[in-house]
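Paired with subunit B in one complex and with subunit C in the other, subunit A is shared by the two complexes that follow.
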Partner chain A sequence: MRIHKIFPVIGAWVVTLGLLGNADLRGQTLELQISPQSISFPAADPDVEPVIIANYPIHVTMRITGSAKRPWLLTLRADGDLIGDQSGIETITISNIDWTATPSPPYQNGTLVANVAQSAAGGTGNLNRAQGDIVFRFKNLWTHRADSYSQTITFVLSAL
Partner chain B sequence: MKNIMRGFLGVLCLVLGLGSQTSQVLNVDAQVNSRFKIEINSNTVTFTRTMDPRIAPVIVQNEPPLQIRVKATRGFFQSVNLRIQANGILSDGLGHTIPIENVSWQAAGDGFTPNGQLTSAAQQLGRWSPSGVFQGTLAFSFQDNENFAPGIYTLVVTLSVSSN
Partner chain C sequence: MKHPNMVFPLLLACLVGVSAAQAQTSFSLSPVQLNLKIAAGRSGKGTLTVGNDSYSSVRVQADIENWTIGTIGSDMFPAEGADGFSCREWIQVDDSGFLLKPGDRREISAKISVPSTAEPGQYLAAVCFKALAGDTTRDRSGVSIQGQLIAVVFVTVGNPQAEGSVLDLAVEKKDGRNVFFIRVKNSSRIYLSLTGEIELRNAKGKKIFSMDMPEEIVPPLSEGLFPLIVGKELPPGKYQAGCFLRLPSRKVLKFNKTIDIH
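Then we have the complex of A and B:
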């Protein structure tokens, strides 16, 4: 009786392994490069520069093989709000940073959200060293508190 | 059959959840400096004696109240302070003077000190905890006295904003 109940589950896992072994995923290759890997927003008078452009644009290179007709997606996930390095507790909402991306398509503009991946580019099929540029912008407000802030943004290229 | 369906539903979810991905990390730094600014819609106020001081001992400024806007980005554990200070005394340039305590001020707006008298020492005109933009009005009045000699008296008053 117990064997009878367990068998379908075992059978299902066997089927699973079989699907994985034959899936197109096995031959899929994804490559993602960004350069540079650090950017900064210099201090400025909010009345003079209400929006500060990052010191460098981010150059993105993507390559996908073995993924014919499968959708792919590039997302940006801020790993939290901007955190003050000196105080350790001052924060600035990360949504004060947005980006513009080119070329469009496949790239698209967006705004960072803490711990939530936001779509930055998408499409289907293979990519042969597709390149693009992402320019980050920081909303410079009087209400921010003085400090040196930092955070990381994770770029994720995924293909189904 | 029921168990088989459960098993295959589990398999289906697992397969859909699979996919290839790769990632890169970008480090972001943002520098925000302490910064202060005062904006006033006019830098001159005047008083005119039109009646006997014994009848009208207080003269209000001829102009509408000044519009004050304080913009401040403060540091950690600091507050924003707006101060007012008289630079010297009321003088007509001919040897006549009037004590600056005869000039008082009235302010309105969140964080502004409602009223006070000018002194040669800086006095607090406003105080705020957060960074931001703070607006209010400021009006002056003059305590007249029949002993004050007729003339044109001038005085410079300084408003300053800083954090502590």
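Then we have the complex of A and C:
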């Protein structure tokens, strides 16, 4: 009787290797380091500064171990459009922010899209402290309403 | 004349706290994939370890989310029924929010309960660990930057078999380089993991070029389109192109076609 009770539990814990490849991923580790935790774009006259560079570049370090030849991906996802802090309803399309990334590869340039992850780096295999700088740039237009705006950008690191 | 309200169209606050601006997020996750075989009506469990490698505390939030491979409409084309392979609702973690002090590690247990009605197949979701700034009282103006690490969870129910085929092999010139496009159809209910190679043979049957395809994954009941950028110049002409993709079961998917290199 006891054997019958034990078997289903053991069966459920068995890790299946091979359906998605031959690599044992139990030892695989992702490490992500990001600095700083916030940036801002200083106010400027669009005629003088049609593109505003963020006050800090984002310094990223990725480390992937135990990955063999498996693919990995770093994406940037904005949680929505820029939202006016005072009005609470004014928005600026987040796609007015793009970024340049170095070194390339593995980092790549891109443009933010609300709630849609955009690829910022990718490759296969292990990474030993792949450092990069991402510089955000804001398209400064007269059509943007005066306000202070905020939003969150998430750097998402995944591997298969 | 410019509207007075628009003189300084963007006043993204520069008042963000200095500590937040200078702070660093540094955290880790292991393993990054749970691959479980669980019978319908049964449950399984996996353990994930999150570490804080920074000099300040990190607040970590764990969420279970749907997860997809590839970009739908760009390199991945799901067929009808392909959206039913999520196991998001089956996963529970024992701690969805916690504070990690510098140097700390936390083991998180993920319990996966497969409904008795689940059909054989391979299901996917993700446990997403988001690192929030330790200081949550700072001014929220400006753009906050967060990090997130993903542990993908594959749950195999029953004993589904891998089935697929190569639909096409084409070559295009992009930015002065030849790019091969391999289109693969996954007609099974599991994720197809493929590696392989392409080759070109001339009119005499002599192999003049070959190239490995790195591992690619095609979700269940979907088609995948995979580009292979050729690193060297190929001499123009008509060739017999071959594509050989291996499944983990060692079965090989073959495709041959005559192509023109311009």
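Here is the rule we use: the second predicted complex is superposed on the first by the 137 of 160 C-alpha atoms of A that agree within 3 Å, B and C clash if a C-alpha of one lies under 4 Å from a C-alpha of the other, contacts with A are read in each partner's own complex, and residues count from 1 in each chain.
Convention: contacts are C-beta pairs under 8 Å (C-beta built on N, C-alpha and C of every residue); 3 or more make two chains touch, one makes a residue touch a chain.
Given the structure is predicted, the values throughout are model-derived calculations rather than measurements.
Visitor: Put subunit B and subunit C onto subunit A via the superposition and say whether they clash or fit.
Guide: clash
Visitor: Tell me which partner A:E90 touches in the superposition: subunit B (first), subunit C (second), both or neither.
Guide: Only subunit B; A:E90 stays clear of subunit C.
Visitor: Looking at A:V51, would you say it contacts subunit B, subunit C, both, or neither? Reply first, second, both or neither.
Guide: neither
Visitor: Between subunit B and subunit C, whom does A:T124 touch in the aligned arrangement: first, second, both, or neither?
Guide: In the superposition, A:T124 touches subunit C alone.
Visitor: Applying the touch criterion given at the start, work out whether A:W142 contacts subunit B, subunit C, both or neither, answering first, second, both or neither.
Guide: Both partners, subunit B and subunit C.
Visitor: Determine, under the contact definition given at the top, whether A:T152 touches first (subunit B), second (subunit C), both, or neither.
Guide: The answer is both, since A:T152 touches subunit B and subunit C.
Visitor: Thinking only about the overlay and not a real complex, which stretch of subunit C clashes with subunit B: 146-154, 164-172 or 200-208?
Guide: Clashing stretch: 146-154.
Visitor: Using the superposition described at the top, list the residues of subunit A that contact subunit B and also contact subunit C.
Guide: Overlap of subunit B and subunit C footprints on subunit A: residues 8, 11-13, 15-16, 19-20, 25, 28-34, 37-43, 45-46, 52, 54, 58, 82, 92, 97, 136, 138, 142-160.
Visitor: Going by the contact rule at the top, pick out the subunit A residues touching subunit B in the complex.
Guide: Spelled out, the residues of subunit A in touch with subunit B are 5, 8-9, 11-13, 15-16, 19-20, 23, 25, 28-34, 37-43, 45-47, 52, 54, 58, 67, 82, 84, 86-87, 90, 92, 97, 136, 138, 142-160.
Visitor: Quick check: in the complex, which residue numbers of subunit C touch subunit A?
Guide: 2-3, 5-14, 16, 20-39, 42-45, 53-54, 69, 122, 126, 128, 130-131, 133, 138, 140-150, 152, 154, 156, 162, 190-191, 193, 214-217, 248
Visitor: In the complex of these two chains, what residues of subunit A are touching subunit C?
Guide: Those residues of subunit A that touch subunit C are 8, 11-22, 25-46, 52, 54-56, 58, 61, 63, 69-71, 82, 85, 92, 97, 124, 136, 138, 140-160.
Visitor: For the complex, give me every residue of subunit B touching subunit A.
Guide: My answer: residues 3-4, 6-8, 10-11, 14-15, 18-35, 37, 71-77, 130-133.
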